[in-house]
Structure formats: structure tokens, C-alpha cells
């Protein structure tokens, strides 16, 4: 495979993608870094003087920062937990012989196609709204006071909405993985005296490890930048109860038009995202090789 | 494992599966139903499930108010355009990673993916300024470029996992048969990877269709896709559930239908090499 | 202990009857080999015995007790699969220990048995590797190790060597034979390799389309095939079949003569023909002889090197006592 | 042919205008209008970014009285000094007009204007045996709220904004604080959240909402409350005067004929009502290539003729209110709109130049007209919204508000 | 035309030298077979000739012109891969036409040649099928078809039959041999199957660890192996090796004798031993004879059935003229 010709060709062929992505990373990022050292508010034109690390200082000491950091982790972790556990259970269910499997699959996959904005709007208004929403109605008809999801469990609500959107994804990957499990392996375990639960624990779960890693990697990429769902439902609130890093940076740069502060926040978010990325890559790199 | 599954068990499992699927699907169904209600019925307590006066009023009103077709076409052009452009760039890259792997191939792939983790808000203002200065603001071209860039890593990865499954011997055979690099990619690799390319295309059309940050922030009137269309229904004055539902259905229906028709394809491609 | 008795066992997949009613007895300690063309039901039969498929009707008894309704785990049988079906995420040690762990043995006993199995199979050095890091032959041994630790009543093998390369196959064949000699446990072995069947079996079961064509010791099948199918199936290169006048002369519809039972002469003999392709293996030479008027081509084996060229005329003489005679139904005429 | 792009907010009057464009096109066949309708926050974010970076995506922007003075001062807007006589610029309500004027230049034309007042359910008041004074105090309000609340029946005595945002809950709370005698900043720009006035404001507000308000109030903004009121779930609602036409419109409102109006409440002894002043206006960003067409359009959209057009097509009750004196002198309007009187009164009562009974260094009733206010207002709004949601106490909220405002003001250089 | 000359060719993968300097000449029209143990560099050598890998040093000449730097497409060689590497998305016709299309032949010529190839290979009926709809043997033929249409200077085959089942393998082996007879084009064929090597080759190249151990005609290698490695590698079952006094007696460090060159007798002979495992194939029987004091176990082949039981004492007599003698370096003593 590897002759001089093919190696040269390989370099040529990969370079457009690499160069584009490099450009995509470097150009805006260096502008962002530059802005992050300026006193630059969109609403105040004129000289944008250099202020050193002040923007970073303000961003990092913002009381909302720690909350946002924790919220980001809780959000990503929570959704991952729900989608992997739920996805596994659902995949197991769909792997059984059932009537109308095709239709069930179609129903289950549907949320994945829904725009985040739409799903957030629908959940917020038609389900979670305590007065007009269906959940409120269900609670009232059960004689309970309606629960105000977005006020009293804002982060949880956002997690639920996001998890709803991503559940189909994990379910499908895990289902495909499940179906790829060598049936001889299952039979071998059966011959070895393993019951249904043992087979699940010792054979199925390890078999799904690789698929789960991929689910985690892909979802983390998208979950780190969850934004529309928060903007539409809670605006990061009440207080900062559902503000994640992305939203905090958004609030800084687009609600306050503080480009300097927002850029500093963006850089911090980039750094944190890369820490997560490195961590994930380690994990996945290992698991994908095996 | 072809042992008998008792009918009773099958009935129970089927019932559970249908119930769960129905629950998962319910929000969409409910939106669908609500879109045919009047605003009053939309918030009625207790809710009306099926027995209400079905009306198309909301769809008519939404259509009058917004140029749905323009937004729809924008969405189509932007999502398909960015995906196709992405594929054109990604196919050679994936070829070289899959068939001429070097020591750093994996690192390059992982680096590419990590660019996807950059929070877009962090670079919005720079991009905004760049777009302004290059005249890309509010153009389909601009959005196609941006979405191509943000989805490129995913496209490369998906193709890479697909290409890796293609035996290198076939490409070598083509080389022996006198094919140059171009012929090899065009006549052999691409057609062989059609299922993979198709599912990559589908997934990325969906991702691009639903992308709501850049499409909202870099468009005004001309290039605004359906994400912008839905943004104008998010909380208007007065009762709006029915209109919101109608607009929502109009925004998601095309991709939902596409997704349903191609779900087999999509599922195969979605696995990102997770399943061997 | 490990006597397995199948009585009137049938198996249908949907409407298709893959196994018509079938009786079979495998004695304790016996090495039984199932052979037959692809799709004839070898694997299905093995899986019925293992309990991985339900019989459609009939009974399966193990050591005299009815096991028809038992789940696989309860039948005290161990199976080695064609793909080995090792658990890829467990070390060799864990793989081998798995059945014991499932049977709730205590750790000390597990360790003891795993060590013992590893010793028998020469796996000591690999206990902490994953299956992915082993060669084909080593994997094979792990699969066997997993089978032996439980001390089963019988072993079931489904084409365990078909994934190995030729050289390794020979080695593993001998190892399994030795293992059988050592453990003296009943083994049922599915293969479609002639040589494996002939060299390993105490008893060969020849199947065709789910029916048993013949059961017997290898040489018995070789020397006295019950019908044309068995005659053609056992032996390589294939027996030469001759119909027509020459067969009628011997009072048969078809006669068969193996390549090694024909002698060759440049000058005189029973049948005359011309040499076609000849294959020189060093130790033997196979001549394909054409134009004898008896069959399209007759294969003849000679030891060592005989130099005959393409197109040479030669004469063939069968060893009369080695001629097999079959009637119009293809059954042997005794 | 010129195509102009108009960024606008998705509220009823604006959407109505989009349906009436044929009339404009008939008069100006060479101009085509491209609408970009957005939710308020998105709109604000997009037009601000656009105007500040001079991206030039829009030729007309819908902005509020908060932006106009700031942007006008920056030179970001086209001054509208040469309006034709037929436009009758002097007809504009003085309070509104002065809010859109910087250094004697008018920078935007008002599409509609509003103040705030109290809307209430006459039937429920009657049932409770109470009457609503025309100029109620907060004590009156609390009494009425208590009397009207019937949670079993899904009726909540009072609905107020709770959704965080400087234009949402803070609009209401800033105005309410004024009516309690408080202010945002003292003359040295020190935030005042540590004063008794603010404490009083917040505790009264929280008490009212917790006892008599609907569930989920912390995510209710104007629109959510409107929906609630229209369904008959609210006894009282203090909010923008424009809401009046919606809640009295029998097509959308179940309680159209039961709505009464009163001034925004005030604290006994404080001579300020909690009424604000706001207008949605149309402005032209400096640097647009299509200034003439844009001017033509905004003049049409804010003209008397447009008002007449709406009246002829949709009835007088639906015309955009609060911008022209002539409207309030028109008997057709005053008879169709029972709330006209109080609307005008409320608008006139609002005084952005001196919003509080105490002295302030800023202008604006429900906002402080400095660029930093959006950020601060929203951040404070989040704290108060969190207090309403029960996540923190009123004291904590005030304390957080105080410290974060100090922080931002320091960062911006107002205080050392 | 198709003469291939390798001079001082070496190949390193990173630091590992897989092929040490190697010279080899393959004549026009010759059928050369590369054999050797797994990992010895057979495929690598083939791929170097094909141009699919770069040589590290040395030159490869085809028909006298240096081809070392040429891309595969320019070398006028055709290759048949182990997996056939058919293009799954093209019909058989398109598959076969592909090299012609790449060479920009006109359509009429392409059609003509495809038809001709299809006729030669009996593929006429399948031209419009996809590879996925063909059996293993048919696929094999399509791969060959694709190779022959371009009328290459030489064909390269990398274990083309190893994916087929035993019966088919025999058939295809004959077909390839016939093809070679018909086309008389140079062929280089990699295999690790003894029988293929012996029956097909004009010239066998035995490789070990990248080095050529011996080059020669099959029977030459069988009868006069140059060293111990070749002696042990060629022939199945393996040659028996004897060292020590018995070898010294014949003036050698090691002597070798093939199983078929030893005769057996219950009563008298040169060497005495006891019968170990015996493998009965029907046509032949292999006895593993232990305790001779010469080697751990000696393999003896007898034709047909000889009934000896495990533990029987027997005597072995080698055919003196068939004894191979090797010196201390393992080289043949002439």
C-alpha cells in the first residue's frame, strides 16, 4: 500500500481538509485571543485599548462561572447517563422479536430529526408549562399541584429535553452493536451455564463497550455546546441555575455585547473543551483500537 | 438461537415496546395534533386528544405570514450544499487516512474531531466580522462554507470508518489494472462506498438542517433557513400554541420524512465504526 | 460418562424438514465424527444435541436420562464452536474460568482447574493475554480449555479446525486426538474434511440431507461403503465409477474402483486409454486417463515417479477384489 | 426597484402590518419590503451586532426607546429631520418624542408607544365585593389579589412578569421600585439594592406572586401572562398598556367584556406610579444604501394614514396606540377603545427624566439608559427570577444584585 | 514476453529487513511458484514485483528494462489477489473491461476482448451478474479474466485458491494450469499448499525469512533438496531426519528419509521400533513409529491397509538409494 507515489498522493489528498480545519481553527481563534485582551464593547465604539488579563479576571471571578462549569458537567453527564442507560435498555427491548418492529423503530428514531429549537419550544410550552402544559394537566387530574419544571428543576428539565433528542441516537448505535454480537458467543455462554442476567453482564455489556464509547464521544461533542435548548426554555435561569459555559459566553458577548469579555470566556471554554477532548480521545483511542 | 419464543412473551414485549415508542414519539404527535386545533382548543383543559374540529387555519396563517418556501429552499440548499462540499473535501482525506495510514493518522483524526468541540459562541464575533468584510453575510454561500467547516470532522470520520472496511486489495487491483489515483477514487472507491457516503450525506443533511446557531446569527432575510423561520414563532403575543405547532411541523416535517424513509441507511452509517 | 441417544429426532425450520426422523446412538467415550456435504444438517444435529435448538419431535437422552427439554447449561455438554466464540474482552484465564464461575465454584477450585487445563493445553504462558492477541491455534486451545474445565459428559465440536491453515490443522488434529485418548470422554465432531474424519473417528456418521447414510468405523466405510453416496464421499481422490457393459459384466449397475486400486502398464491391461493431465506430488503421481470409453476420465494413482507424458497410451488393470458393486438404487451388492 | 430589509419583532401589531403591505406597495410600486421577524431577544441581539459592526444587513430596524438615545449619540442612526409636513411630526406625543430625540435630532419614528397600567377582572372584583380605585395603592392590590384567588378553579389573583430579562421582569420591577420611592443608582452611580425601598419592592412582589400568582411565574413574560389573562386565569395584571387591546378582543380573549383598567399602583404616600414608558420604533441604521426607500417606508408605517388603514381593515381597537395625540382626540378610537383614556394618562404620567421621587443621574423609567444596563439588568433579573422560583431568598437576591451591579459598574468605570 | 529479473532487491519495513539482498530470474513463459512458511516474505516479494510496494534498494527489470520506479499500472503485469478483489459494484463484464477502459481502448475492442476472455473462462452466462451473485470458483475466474484481457507480460497470483473449499481447489488448480499451457505467459504464483506447488510449477522458489533457499523444478526439489530446510519443507508427511551414529555411519551429520521410502516388516529390518499413533486414510496408512532410538518419532507410509496395533514391534528398512545426506551446516552432501 505504501509506495512513494501513494504517500505523496496521500499528503496531497488530506491537505485540503487539514488546511481548511487549521484555518477554521486558527483564524477566528487568533482574532478571539486578540479581542480577549481588549476593552471592547460593541456598544461603545472608539478605541479598544489593551487591558491585559482583565477580561479573564472578570470572567473567572464571575460568580456565574463556577455554576456554569458545574452545570456544563452535570448537563453533559446527565444526558450521557440517561441516553446510554436508557439507550441500552431500549436497544435490548427493540432487539426482541416483536410485531411491528419497523414502525416502533420509526417512532423511536423520530426525535433525532427534530430541530433543537423546535423541541425546546414544544417541551417548554406544551408539556412543561405548569398552567397550559400537559404535565400540569396530568398533575392536576391526579390531584397534585402542578410542578413548575422550568422554575424548580431548570437544569433537570433541560437535561430531559436534550436527552429526549439524543436517546434515539444512542439507541440506534447500541441496537446495531447488539445485533452485531456474534450469536455463537451467546450460545457459548449459554453452554457455559450463564443465565440471562449473567449473559447480559458478562457478554452483552462488554460487547457494547466500544459502541458506548462512540456514543459518548459523539454526544459529548454536541452536548458541550448545547445552547438553543437553554436559550429557548430557561434563558439560563432562574438565576444561573441552568447556565452552561456556552450560554454564559453567549450572555457575555451577545447579551452584553462585551466582545472582550466574551472572547476571554470563549477562550476559557475552548481550553476546557480541549481538556475534555483530550480526556475523551484517550479513552476512545484506546477503545477504538481494541 | 432459533428456539421458540413463547407467544405470550412476545405479546408482552410487543406491548411494552409499543408503549415506550409511543411515549417517545408523543411530543411530536402532540405537536402534530395541536397544529390542527384552534388556539383555544390548543390550551383547553382537559386537553382534546383526537376529537376536536380539525382545521388548517394555522397552516394557512403561517403561510401568509412567512415565506415558508424561501426558508425551505434555503434550508435545502444550505444543508445539501454544505454536505456535498464537505464530501468532496472529505473523500480524499478519508481515502488517505484509511488506505495510507501513517503513525499520526489517528492523531489527525482526533484533532479534527476536537475542532468540533470549539464552542461556536467563542468565535462568533470574529466570524461575524470576517463575513461582513467578505460580503458573505446573509448569503447561502457563507452558510454553506461555515456548515461545511463545522461538519467536516464528522464527515471525515464517518467516511474513514467506512473506507476502512473496504479491503485495500481492491484499490490495489485497480492500480494494477492501470487506474491512476483519480480513477481509483472515482471509479472504485466512491461507488463502492456509496452506502457509506449516502448515510454520511443523510446524517449531515440532518445536522445541517437543524443547526441553529450559525444559521441564525449569520443570516437576515435572504439566506435564512427554517431555523430562522421557527425563531419568529417562538413567543409572540397572545395564544400561540397552535400556530407554533403548525410552524414546527412545517420546519421538521421535511427532515422527519427524509429520515424515516432512509432510516435503514442512516442507522448503518451512524455507527461511526462502533460496530464491527 | 457420556452416552448420547437420539430417538426419532426430527427438526423443521418453519415448513422445511431439515432432519427427518433420525435414530443415533453414541457410546460413552466414543469419538464420533459427522460428515456430509454442506447444508446436510451436521451443525443442526449438533445443536439439537447441545440444546441450542429445540427438537421438533423425538427425544434426546444423555446417559439414559431424557434431556430433550433441558436448557443447554443443564446437559453437561461442552461445545467448541467453529469461530471459537471466545469472549474477546476477557483474558484467557477468565475465558477458561467462565463456566466455573457460572457454576459458582469457589475461587481456589477455579484457579486449580484453570491451571490444570492450561497445563494440559500448553497455555501457561498466555493466561493473561486477550484472545485477540493469540494465534489461531492458541485460540483453538483456549476454546478447548473452556470446554474441558467443566469436566463435561461429552464434547461437541463444530468444524473447529476449518479456520486454521493447513499446517496448523495437522497439528491440532493430533492434539485433539491425543486429548481424546487422555480424557476418554465422548466427543462428537463435525467436519467436512476427509482426512480429519478418517484419522480421528472411532465412528463416522455420514449424513445427506438430514438422513444418515451410513454409520461405521472409518475403514469400514472406506472398504464397504453401503451405497454410491458414501462410496463417492469417502476417499480422495474420489472413487472412479463405471456404468454400462463393464458393470453389467460383474452383475452390477455401477461398479466403483479407487484410484489406488488400479495398476498401470504401458503395454497390457484390462482397459486402454490415453494420459491426460498428470500431477506429480513427488511421493505419488495422479494420472487422469481419458478415452477409456468407461467414464469421462479415470483417476489412477501410482507411487513415486512414473514418467508418462500427455497423450501416451496406457493400459489399466483394476484389482478385481477391490471392485465395489452397486445396484440400480445405488446400494451395495454384498 | 429597491428592496429593503426590515428587522422586526414578532408582536401582533408588527405582524398585522405585514398583512397590510399591499396598500404600501400600491402607493410605492418601486419598493419591496423583506421582513425578518424575530423574537424580541433575538432581534435585539442581531440588530445590535449588526449596527455596531456596520454589517448592513438591515435597512430598517425595530428598536426600543432604550436603544434610540444611545445609538443616536453614537451616530449609528440616520437623523430624521426633514420629515414632510404631511407627517405632522408635532402630533407625536411629547413624552414619546422627547425619548427619541438626541441633541434636537429625531432618530426614530414611533410605531406604537406604551406605558403600564393595571388590568383587572371586573366580574371577579364584583364577586369579591370590591371595587378597584382608579389610582390604586399596593395595599389595595394585595387585598384584591387575596380576594380573587381561587387556585382550585385555576384563578390566580395576580399575574406579573417573572421571566428574567432587563426588558421582562426588570421592566416591571424597576418601575415598581420607583413607585415604592426607590431608584437604581444614587447620584454617584452607587447601586441601591441595599436600600429599604428595594427590599420592600422585592418582598412585596414575591409575596404577591407566591401567595396569589400562577405557578411557573418565573418563566412568564409579557406573552405568557397575556395568554393566561386571556384565558381568564388572572384576576389582575399590571403590564404594558398595549395589552389592553388584546385582552378586550373577543376573538382571542375569553374575558374580553370583563376587563377593567386602573393606573399602575403606587405605595401610599409616594407620588410616582409604577408606570413606565416604552415605544417600539422604526429607525434607519447609518450607512444603508437605501435610505430613501427606508424613510418612505417608516414614514408610511408610523403615519396617520396607516392608523386609518388599520382602523378601516381591522377596527379602531386594533390600531397601534400611544404615539399620536390626534388618536386620543379621535372619538372613533376612544369609543372603540375603553382603555384609551387611561393609556394616555399613564403615558403622560411617565417621566423618564425623573423617574423616581429621589434624584437620579440617569434617564429611563424601567431601564437606565446606559449601554451597560442590558447586561446588568438581565443579571439582576436572573437573581430576582431565581428568588421568585424559590431558589434563593429575597435577601440573597438583593445582595447578589448589589454586588454584581457594583462589579459591572466598576468594570465599566462609573465607580472606582 | 515476460522475463522478470530481480537484482539485489531488499525491502525494509521501518527497521525490519524483511527481504535481505535477493537475486532472482524468472524466464519468459515460466510458471514460477513461491513457497515458504507464513511470514517468510512471499507476498512482499510479489508486491515488490507488482510495484505495490517500493523496493528499499536493488532493481527490478521486466523484459530487460528497469521497472523499479514505475507505478504498478505501467509495469504491464496483472495480479490475481487472494480475495480476488473484484469490484463489487460492477457487473462481471465491467470488471473484466475495467483495465481496458483505464488503458483507453475503444469500446468495440473492449467488447471483443471481454467476449474472448469470457469464452476462454466459460463466463459467457454470467457477464451481467455482479460478483456477489457468483460462486467462489466463478469469482476466481472473473479475477483471472480481468487479468488476461490486458495481455500482460506476466501474471501474479497471491494464494488465489486459499479461500476455496477443497473440492473446488482441485478444479481451479487444473484450470490455472491449463490456462498457463494455453497462454504461455509468465506466471508467478504464491501458495503455501504443497500440492499446488508441486503440481503447477515449472520452477519452485523456496523462501525462508526473505532468503531464497532453493530454486528448481518440483521433482528436483523433491529429489535433491539443497538443504535441510527445503528437505523438510517439501513433501508431506515430512521427511524423517536422523542424526547421530546412524547418520555418521553414512558420512553425514544428518540423514533424511521420506516416509514412503521406508519399508516395514513385522520380523526383520534395519531399525526396530514400536507402533504409536496410526492414521488410516483408506488409501494409505501412516504409522508413527516410536522408540527407534534414531528420532523421537518416525513416520512411515504404507499403501492400503496394513493392520498393526498400537505398541506392536516392527522393523523398518530404508531404501538406501533414497537417503539424503546433509552436513553440519544443513547443506546437502552431493
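Note that the chains are named A, B, C, D and E in the order they appear, and that numbering of residues resets to 1 at the start of each chain.
FYI, contacts are C-beta pairs under 8 Å (C-beta built on N, C-alpha and C of every residue); 3 or more make two chains touch, one makes a residue touch a chain.
Computed from a prediction, not measured in an experiment: that's the story for all the values here.
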Item checked: Minimum number of chain-to-chain contact steps, chain D to chain E -> 2
Next item on the list: Trace the shortest sequence of touching chains from chain A to chain D and report its length in steps.
Entry: 1
Checklist line | Comparison of A-C and A-E (more C-beta pairs in contact) | finding: A-C
Notebook entry, point to check: So if I superpose chain C on chain E by CA, what angle comes out, to the nearest 5°?
Noted result: 175
Margin query: Based only on mean CA positions, could you tell me how far chain A sits from chain B in angstrom?
Written below: 16
Notebook entry, point to check: Whole-Å distance, chain B centre to chain E centre, using C-alpha means?
Noted result: 53
Margin query: Nearest whole angstrom, what separates the Cα centre of chain C from the Cα centre of chain D?
Written below: 90
Check: So how far apart, in whole Å, are chain C and chain E when each is placed at the average of its C-alpha atoms?
Finding: 27
Margin query: Quick check on chain A: which residues sit in contact with 2+ other chains?
Written below: 1-2, 42, 132, 187, 254
Next item on the list: Scan chain C for residues touching two or more other chains and write them down.
Entry: 52
Next item on the list: Would you please write down the residue numbers of chain B that are in contact with two or more other chains?
Entry: 1, 43, 45, 125, 129, 172, 231, 233-234
Checklist line | Interfacial residue positions of chain E with respect to chain A in the complex | finding: 51-54, 71
Next item on the list: Can you check the complex and tell me which residues of chain A touch chain D?
Entry: 41-45, 54, 58, 63, 124, 129-132, 136, 145-148, 150-152, 154, 233-241, 251, 254-258
Notebook entry, point to check: Which bits of chain B are touching chain D when the two form their complex?
Noted result: 39-40, 43, 45, 64-66, 125, 128-129, 131-132, 137-138, 216-217, 220-222, 224, 228, 231-240
Next item on the list: Give every residue of chain A touching chain C within the complex, in rising order.
Entry: 182, 184-185, 187-195, 198, 202-203, 206-207, 209, 290
Note to self: With touch defined as at the start, can you tell me which chain E residues reach chain C in the complex?
What the structure shows: 38, 165-166, 170, 174, 177-178, 192-195, 198-199, 218-219, 222-223, 234-236, 258-260, 277, 279-284, 301, 303-305
